[in-house]
Structure formats: structure tokens, C-alpha cells
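Heads up, the next two complexes both have subunit A, just with different partners, subunit B and then subunit C.
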Partner chain A sequence: MDRRSLIAGAAILGAVPLVRARAQAANTIKIGVLNDQSGTYRDISGPNAVACARQAVADFGPRGFNVEILVADHQNRPDVGANIARQWIDRDGVDMLLDVTTSSVALAVNDICREKNKVHINSTAATSDLTGARCAPTTVHWTYDTYMLAKSTGGAMVRAGGDSWFFITADYAFGHALERDTGNFVREAGGRVLNAVRTPFPGTTDFSAFLVQAQASRCKVIGLANAGSDTTNCIKQAAEFGITRRGVKLAALLMLIPDVHALGLATAQGLVCSETFYWDLNDRTRAFTARVAPQLGGAKPASTQAGCYAGVLHYLKAVQDMGVAQAKASGVEAVNRMKAMPTEDDCFGAGSIRADGRKIHPAHLFEVKTPAESRAPWDYYKLLQTTPAEEAFRPLAAGGCPLIRA
Partner chain B sequence: MASETTAPGIRVIPAPVSDGSLWGFSRPQRVALIVMLVFLGVAPFAGLYPVFLMKLLCFGLFACAFNLLIGYVGLLSFGHAAYFGMGGYIAGHAAKVMGVPPELAILLGGAVGAALGAVFGWVAIRRQGIYFAMITLALSQLVYFVCVQAPFTGGEDGIQAIPRGKLFGMFDLSADLSMYWVVAAVFVIGFLLVHRIVHSPFGMVMKAIKENEPRATSLGYRTDDYKLLAFILSAGLAGVAGATKSLVFGIATLTDVHWSMSGEVVLMTLVGGLGTVFGPVIGAAVIVTMQNYLAEWGAWVTVIQGGIFVACVLAFRRGIVGEIGALLKVKL
Partner chain C sequence: MDELFGIPLPLLFGQLLLGLINGAFYAMLSLGLAVIFGLLNVINFTHGAQFMMGAFAAWMLLNWFGVNYWFALILVPIIIGATGIVLEKLMISRLYKLDHLYGLLLTFGIGLVIEGVFRNEFGSSGLPYRIPPELSGAWDLGFMFMPVYRGWVVVFAAAVCLATWLVIEKTRLGANLRAATENPALVQAFGINVPRMVTLTYGAGVALAALGGVLAAPIYSVNPQMGSNLIIVVFAVVVIGGMGSILGSVITGFGLGIIEGLTKVFYPEASATVIFVIMIIVLLARPAGLFGRTA
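Let's turn to the complex of A and B:
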């Protein structure tokens, strides 16, 4: 290889980004899906969340304005996510940011959307601070949050006799919030939190040292305040160490159906988890799943991905209701309109959005089936109980959202 | 090359000729400087995204600071992320929690970088070559773990929503363009400072140490003192660059203290041209632009970066600016 060919090669490489066309249209709503496309949370958000957003656009149908969807990978790093969000809003004219997996990134994006007056519909980030201390008038938090997960799963575990807890916590905003919210429920119910270890995020794959520490504490329940492949790795390694065989229960506080799929029923059977959507819950969820499944590469939609669908659908309804120009001009106005309108979609049924941005719907407690009980691929859950919408989430007054006091 | 060979193995570096030029800029350098200043003035109006330009300038300054050490003293520090990142954290914390104005936050970031550099440099300059690099790497990893655990850094979340504030309590910097002028000013001052340091008598001793340390010692220079001072200056400027970056983006995270950031600045300096005045700036521009425009290719960015690094080492050992300079027979 000589210098000349190197220079020629470099010139061609340099020209690639210039080919990208830039289109600007006043009649186009731009939605930016910002999530994890390659890492720990790929399966619960990733490309399938994008497919669900596209499905919402298709189901909404052509109503006199165009919808364009952009996708980016924030690698679970707040600085990368904040950069992309800024660039999208300033340069590409994105009107709404969707999904925003990973609470640390979500909180950073939340601040940017507030500053720039753009809509932020969050589905996969779980921290309840998004509608609490750091709530913004531009944010709608759709699928779940740490309070709801803690109340549903944590409450069920304590009622079943698990009254001493040890937490394995992903060391960032989400893990801290989940540990805090669950710990509160455990203590309220008369249980004790023995200790907690914080695991570096992202990048921890070997949890054996933490699991051994948990076992040494002689707790009855190990609370997994993490998500995605962190949770599945913990569960697998706990099984390998024989921790679960010795009677210690695992509380997977945020476990979604792709995680169960990754674990396999042999490992996951008997675990309980809380979700707000399950593809096989009722006729409407099955109809939605049938529509979107061909785009998901053999998987079924997770609740977080269904949240992206429902969020986009409701946003587009609000945009149509108030007019494209006005929706593009003010994110606060668009979110206010979304809050004023009742929500209605196949995934979550009828619902509403509270003044603090919290989307309200029932929460379901599921138990993972045994391999014998499961009749079809992705037939994984038995419904244990349903918490009604009004009780599932943190009461409006208890969140400390500055929007409420004002 | 400005040096000429008189006898085998002996290189004579001509004394700087005072021709009334600005801080020792040669004529081609003056032309390049003017081109750069014009670019800085015009770029935001030529459709380039100001936040991107600011990122470019922050990394440009960071690479210049790094080049001061490797290009002119010959010390390969592999821990410059520590000063860069810590500068960012301190400035972010000061601006957000203590409500310090931006100019002070940036200076504070620089001061902390310099202080850290003084301590680390004092330890590291006792060894040379690979040992020096390893000591700096080890110490910067120490800083990384402090940043992971210390409450004020926010761990994996970083310090978020850092306000840009008001410059001198008067000029609101929340608009990207006004922030751009501040960053451009910080960059130009930092750049000129590096150039001034290099072309001062102190800089001559630095270069002498790089060429032949025992000889510099034999001439009566306390080389350790010179190396330490160069280290502190470099770390301080890296801190300033990190502080500016955290104000620009409103966020300070672990990315900036991670060892891969130390590697990135080495890459920038090598691609641009080691020991050239403009090289680090060009190198930073190339790498940052690449990361920006190739971001959609995900993990391939690092592969492409690696390819460019290999290509540079194989074919363009003097880096982009070094090669251009050699082609035009001038020192840039």
C-alpha cells in the first residue's frame, strides 16, 4: 500500500457523510428514537422499539402531515445521549424524543428537552424522578417507573414472607431509585434491608462476587435493582452458585419478557415480575402483537416497546388535534394537549396522563411459567394479580414534582 | 527541519532569530495562524453547528496541552484524561452547586488540573519511557475510581444540567453562539500560551531535554524541575479544556476521565503531527469530525480510527501537518 492509494481511500471515506441529504419541511413531524441499539438494554429497547414506533405511524395513517423517524444509539452514556439530543433538536429539527432508555441518559435528555421546549416521551427509563423531583412540563413517562415496580414486585415478595433484603444495585440513577423505592416498601411492610452493593454500569458481566456477598448476609431475598442483561446474568449466576436452591429468593425488580426469553424457562420459572403490558393479555394486545410481530425478528413486543407504540400514537393524535405548526412550535403545549386528551390504544387500553407527566394504567404481577406449562413460543407468563391504575403509581402529591406545587 | 547536521551525530539547533515577529511565529506559521483565526471567525456563519465547533475547539486545546509534553519534552503521558476530566467535574460542580460564574469555573478547572498535574508529575518524572507512561496511566486510573465513587461526581450519571451562566455576571451564555465566542477565546489564548511557552528560553531547555537529557543536565539545568513545570502547565491546560467542555455540554461524565480518553488524545496528536504547532488542532478536528459523522456506524468508528492510526504510523509518520510542512519545506 503506498501513500497515493491511502490518500485516495481517505478522500472517498471523507466524502461519505456529505452524501447524506438534509430535508426540511414545515409539514413534517420528526421523531427521534434515542435508545440502546447495541448494549445491555438492546433487547428491551433497541431496534424493536423503533419497529413499534413505525407501527404506530402506520396505524395512525396519513392524516395530512408527514412523520419521519430518526434513530440513534446512545451507548448508555449520558454525554453521548445529551450530544445527540442537542444535535437533533438544533440541527435536524426533531420535535419529539422517544424511548430514551437508561435513566442517567433520560435525566440528561429531560433537561435538554425542557430547555429547548421539545417533547420527551419516555418509555424504557425507569427512574421515578422523571415525574418526581426532576419532572418537566415537556415530559411524558409512559410504561412504568421504579415506584410502580417496587410496589408491585417488592410488595408481593414481602407478603410472601421475604422480610430481609439484600440489594444488588446497578450504580446509576435507575438502580439508586429502584433500590430506594423498593427499600421503602420493604421497611413499610415491616421488613429489613440488610445491605446493598453497587455494581459498576455499564460493563459488569461477572456478578459472582456480589452474589456471594449477598449470600453471606443471610438474607431471605436478593433484590436485583438492575435490568436487561445485568438482571439475566445475575439470575443465571445465582442459579449456577446454587443460591436459589438453598431457599434464597430472587426479586427481579425490573424483568421484561425479552429477559425471560434470554434466560429460558428452565432458569426463569417461578420468578415473579411486574409489567404493564403482556402480548398475550387480551384480544387487543394479541391483535397489536399480530400486526407488529413480522417486524420484530421472531420476538414478541416487550412492555417498553409497546410503550413506544402507544406514546407515538397518542402524540400524533395530539398533534393532529392542535395542528402541526403549533405542535412543532411548543413542546409544552403539545404535552399539555396530550395530558388533556384521554389515551386509548391496543396495548394499554384506556388511560390518562397526569399533570406531572405520569401515564396511568394498571400494573400486572406475573409469575414465569414452568417449561411444562408453556404451550407456545413466548408463552411465558401467568397473571397473579392486577393493581388498578389509581393505586399502581406513586400518588401525585408524594412525588415532589415542582409542576404540581405551582 | 530547522536543525542541520554539522558532524556525525551532532545536531545544532539554531538560536531563534528575533525578527520582531509575534511570539516567534515564523512566516508560514503566521499565515497558518491567520487562516485559523479567520476560520474561527467565519465558521459559525458558514452553516457549521456551533456546538460541534465548540467540541472541536475543546479537544483541540486538550491536544495542544498534550503536545506540549510529548512534542516538546518527549514525555508520553498516558493519563491526561485525569486532568481533562477532573477539570470538567470541578468546573461543573462549581458552576452548578456553588453558582460560580463561568470564567471562574474554567480557571478553577485549570487550577485543579494543574494541582493534580503537580502531584502526579512529581511522582512520574522520576522514571522514563514506558515506566513514565505506566505511572501516569496508573495514577489516572486512580482518579477514575475516585470519580466513580465520590458523591459529588454523580457516579455513572455524571454532573448533569450544568448551567453556562453569565460571563463576568453580564453576558448570558445560554445561546450557542455567545458560548462559541467564549470557547474560541479560551482556545486561542491556550493555543498562543502553548506557542509562547515553546518559544521561550524555558521552551528551549524543554527541547534540549527532549534531544538529550544527560547533556542538558551537564549544562547545569535541573531537568527534573523543567519537566515538572512542563507537566504542570500541560495538565493545567488540559483542565481548562475539560472545564470548558463541561460548560459547553452542560454535563461532566466518566467518559472524560476514562483511560480511553487518554488514548484518544494521543491519537489526535499523532494524526495531526507530533511536535508541530498546528498539528494537534488538525488532529483533534479530524478525529472529532470522524466520530461525529461516522457515529451512525456504531462500533465501526473505533475500527476506522484504528485503521487511520495504523495508516498514519506506516505512511505518515510526521502526521498530517508534519507531512504538509515537509512537503512545503516549512515548519508549521
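Let's turn to the complex of A and C:
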């Protein structure tokens, strides 16, 4: 063999992987998990949301196409999140963005996905605007939203006699939406909203000044329209200042199981909160938890992380149903297919996705157990009541989503 | 008169007191920063991480070894101070001949690494640390319900600040220290071991941060980002007080705590920014800071 044919041969051999890679890219669904990997919302989204997404891929099994998962930290900043989303879609060919914690980031990414015709499955951002005024044909909002939290937790507090409220609100899209939605329920039930303070986010660690203001207003309920360590700090400091001992109730409007874990049962006992998934709810949720737990570093999955699992699973079913090429070509088509198919998974059971992108499933109201009632690590909740799926979320017509009128 | 600018006076008193408590943290942390900057000329951006390590060390001592709060108050500054000494010997001491910027970059980077390691190990939502039983409960001051523990924080922090100031201004050790700040070569010529003094000063500054961390553990959630939330504010406090000025940083720390507290009543949305607005105004009017000497 002469030198020339040797070189030509080498060139051809070198090109083979390239051709194969291109064929592979056409047959690969790329999922980008964009959430908080390092800040206050890390434990309710973060690496464990990624682990749940991977679990969905594993449970779905090999079905003739590949699934690749990318991960990035948006640091709870809309500008950072929007930049990553654009890069992922334009340069890396990402087909679906998942989780997108923090409502301000989620709203920015929502617009980008609409513009670029890519799927946005949101689990951890809570603003109900994602399926309301700012809804998009490319969006599915999975786990919860501010309306559902307000109705379940806020409604329960009002029924228990808490008719005058003072809000401590995280000063960004999520806090504003939660305060607005809860305030509406309070007023509908004949209660009053006395006042609200807007606390800078992120970066507030001492809430005592706001708690003392709330106490001075002589309200019956302090509504915590915040999340993560903001909520746990508020609860801790309210106990320290004897606010709860004086009969004022705290409404932790968005409290998830990692927050309860952080507080410890001694501080958190007796609080009520609303979730759509609890690891110890039934045999299927326990089976899912047993599968995914080894990847979670000792924690149990939060509802928001379970939402990532269920969202990915349903998306992959839709992709298989319509074909990879078509799913990659149009995010709107993929989401339409997801809406047309009933959902079914271990975490949320049977459900559906509405025309406005809202995933529908029952909402559970829990009370945090006392240390004596808790028999095992992460055994934290007592089920108080369940709101059926049709009543748990905002009625389709009331959200003001432009997709509905069309 | 029971109102001022439409705010009931009792509420205002309450906010002043709460501001003073936050000011105690600012004062203690900025004191450590000022001491380190005064002698080492290094802006110690690891300070926030060292504050966080102090809180975590208290948590570990309690949960892993059963060591209670009172012993943690003594042990933690020693342990974390020792890690500071190692850090100074191994890394920071190599940068004294270079521009300030290198020290800032190094300590900032180390801070990020420490924070990342703790986040990997403990997650971000934080760990519970109970208020010691001797300090739980609260006093009813009439205008407000005052937790005993917060009162303890103010008194203890003020005492630590005063003691540090006395050591630096009134003792022979402090005199040597101040002299070494002015002219290290000359002080060394008098037979004083300046490099060792520098190392110990860094250790002491770090110990102050760790002590702040122990004080903070029962009231803030013990989480990896607790220091980075504070360090920027504390840095602003040092700048306003005058870089390297001990008394300046203490007074400014308490003062800004109070101003921040008042902002939380009148315009809560701005409570995270008010300190920086003041910093800009002070830098425009007095570039060396309120208590700094012009270079």
C-alpha cells in the first residue's frame, strides 16, 4: 500500500465517526435541566431534579432513540437563565427545557421557548402566570402553581378562622403572584388583607423586622409568600420572637419537604402545607422513591423533583408516539401531542394536561407531624385532605390565557 | 406623641433594636476584615466562608460530638482560626509582595471552593441548630417581644469588639502590631518576629468571623450560602468606615445595622440596597471612609 492511499484511508476512517455522530444527533432527544444548582432553591430543584429526570429516562427504557441530559445553573437570575436557554437551543440543539426554578427565570425562558418553538416543561417555578396571561403553546406546567397553593393552604387557613392577613412577600414575580392569588381567596371568603411587605430577593436572611411589623398589625395570619430558606428563616424567627405562641398563625404558602427537613420537626410541627406528591403517599410513590433514592444523597424526592420525573416520562412517550424527527422539528406539535395523551406515572397517578398547558392532578393538604409521631427519617406528613384534580387548579376560563380564546 | 412619620413609636423602637442586633454581626465581621486589612493589606474575601464554617463547626460539634453551645463558643474560633493560620502560611503569605488584587482574587476563590464543598456535603436548605436552653425565652419590653438570645448577641458582640479594640490600642502587643502596620522592616529590626505576628493576626481575624458564625447559628439557618449573603454588606461596612480602621468598622457596623432596620419600616424593598447607596455617598464625599486616614 502506498502512502497516498494510506492517507486517503485514514481520512475516510476519520470521517466515519462524524457521519455516525450526525446520524446519532438526528436520533437523539436533548433535554436541558435549567435550575438552581447552588443557591437557596437548590434542594427543592438542583441535582436531585436531574437525578429524577435521569430516572425517567431509565424507566422509559431504550425505545429506538437516545436521550441526552444537559444541566446548568441559572443562579436564580433571569439574564443568566435566558442566556443559557438561547445557547442550548441555538448551539447545542436542545429540544426540551426542564424544571426552570424561580418564576422570574421561568417567565424569561418561557418566552424564548415560544419564540424558538421548543418544549418547556416547568416543575419548580410557581407563578400561575405561566398558564395564565403569559401562557405559551410550548409550555407544560407540571407540579403546582400559586393558585393551587393559595386555594389549598390559604383556603384551609381561612376556614380555620384566619380572616385577617399580613403578607411577607419575596419581592419578585413568584412572591407577587402568590400574594395576589392568596389575597383573592382571603377576600372572597370575607377576610381582609391588612398589609404586605416586600422583602428583597435573594439576600434577605433576617426577617425579624418584618415579623415584628406583622405582629404590630394585629393580624391573625402571617402569609409567607416566599420559598426555600426565606420560608425556613421566617418560621424559625417567628418561633424565636414568640409570634406563634401569641396565637398568630403562620401560613407557609410554599413549603416543600426539604424545607421541613431543614427546619426540623421540633420547629415545623403543626404547620400545614400543600403538595401534589409525597414520597410516602401510596404504594406507587413509595416504589418510585425506592428506585430513585440511591441517587438522591440520603434525601427523599420533593414534589417538584417528582414533577421533573413525570414530565420527562410523559414527554418521551409523546416523542415515541409522534416520531423523533417531528418532535425535534416542532415544540408546539410535541406539546399538543402531550396534551392529547392522558398522563400516567408512579408519582401523580393518572392525569391530563389542559389546553393552557396546566397539568391537572389532585392537591393534598398536609400537616407536619410532631417529633413523637414521626417514626422514620423523612416521615413528616399527615394527610389532612385531598382536593380533586378538577377543583385543585384555576378554572380554564379564569386564567386569561390567550390560547383559550383562540 | 406616639407616632413618627406615620409609624407608631413602639414599632420604631422595635426596629431600632433589631437593627442594632444585625449591626452587631456587621460589626464583628467587619472588625475581623479591618484587622486583617490593616496588617496584611489583604482584602479577605474568604471571610464569609469562614463565618459559615464557624456556624457549621458549631453544628458538627453539637451533632457529632455532643459538644454544647458554650464550649463551641470557645472551641470553634480556635479550630477555624487554626485553619486560617494554615491558609495564611500555605497560600496568602506568598502574595504580600504583589498588588492587593491578587490577595482579593485568591481569597475570593478559596471562599467559593469552601462554599461549594459544604454545599455538596450538606445541601443548600440548611441545618437546624437550637437556641441553648439557658438563652431561650423572651422578655416582654412593652413595645416589643425581645428574645433573650438576641439580647445576648448584642451584649456579647459589643464586648468582643471592645476587647479587640483594647488589645490593639492599649496593650504592648497591640502597639507592636500597629508599629508593624506602619513600618514592618523597622519593627523587625527591633527583634520582633513580624511574619509570625502577621500569621497570628490573620488567625485572629478568622477566629472573629468563626465566632460570628457560632453566634448566628441559632437564629439564621445554617447553610453554605449564609456567609456570601453577608460578606458583600460587610465589605461595604469596612469601606464606609475606612479601610483598616478598627473603631471605624465597629461604629459603622452598628450604625448601618440601625439604618438598615429603619429602611425595613419605611421602604422595605430598598433594605438590601440602602447600605450601598450610603457607600457611594461616603466614597464621593470622603474617599478614605468616615474614619479612614487619607493615604
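By definition in this document, the second predicted complex is superposed on the first by the 382 of 406 C-alpha atoms of A that agree within 3 Å, B and C clash if a C-alpha of one lies under 4 Å from a C-alpha of the other, contacts with A are read in each partner's own complex, and residues count from 1 in each chain.
Operating definition for what follows: contacts are C-beta pairs under 8 Å (C-beta built on N, C-alpha and C of every residue); 3 or more make two chains touch, one makes a residue touch a chain.
Note that the coordinates shown come from a computational prediction; the quantities given were computed from them, not determined experimentally.
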Just to be sure I read the superposition right, which of the two partners does A:Glu391 touch: subunit B = first, subunit C = second, or both, or neither?
neither
Pick one for A:Glu188: touches subunit B only (first), subunit C only (second), both, or neither.
neither
For A:Ser38 in the superposed arrangement: first (subunit B), second (subunit C), both or neither?
both
Applying the touch criterion given at the start, work out whether A:Asp90 contacts subunit B, subunit C, both or neither, answering first, second, both or neither.
first
In this superposed model, does subunit C or subunit B come into contact with more residues of subunit A?
C
Please work out whether A:Gly228 is in contact with subunit B alone, subunit C alone, both, or neither, and reply first, second, both or neither.
second
Is A:Ala209 touching anything from subunit B or subunit C once the two structures are fitted on A? First, second, both or neither.
second
Taking the superposition as given, does A:Pro200 touch the first partner, subunit B, the second, subunit C, both, or neither?
both
So, does A:Ala108 touch the first partner subunit B, the second partner subunit C, both, or neither?
first
Per the contact definition in the header, classify A:Asp171: touching subunit B only (first), subunit C only (second), both, or neither.
both
Those residues of subunit A which subunit B touches in one complex and subunit C touches in the other:
38, 171, 200
Using the touch rule from the top, collect the residues of subunit A that touch subunit B in their complex.
1-3, 6, 10, 13, 16-17, 37-38, 72-73, 77-80, 82-84, 86-87, 90-91, 103-104, 107-108, 111-112, 115, 171-173, 200-201
Contact set on subunit C toward subunit A in their complex
8, 10-11, 14-15, 18-19, 21-22, 116, 119, 123-128, 130-131, 138, 144-145, 147, 149-150, 219-221, 223, 225-226, 229-230, 261, 264-265, 268-273
Residues of subunit A touching subunit C in their complex?
38-44, 46, 171, 197-200, 202-206, 208-210, 212-213, 215-216, 228-229, 232-233, 236-237, 240-243, 246, 258-259, 261-264, 266-267, 297, 299
Please give the residue numbers of subunit B that touch subunit A in the complex, ascending.
49, 51-52, 55, 148, 155-158, 160-161, 174, 176, 249-251, 253, 255-256, 293-296, 298-299, 304, 308, 311, 314-316
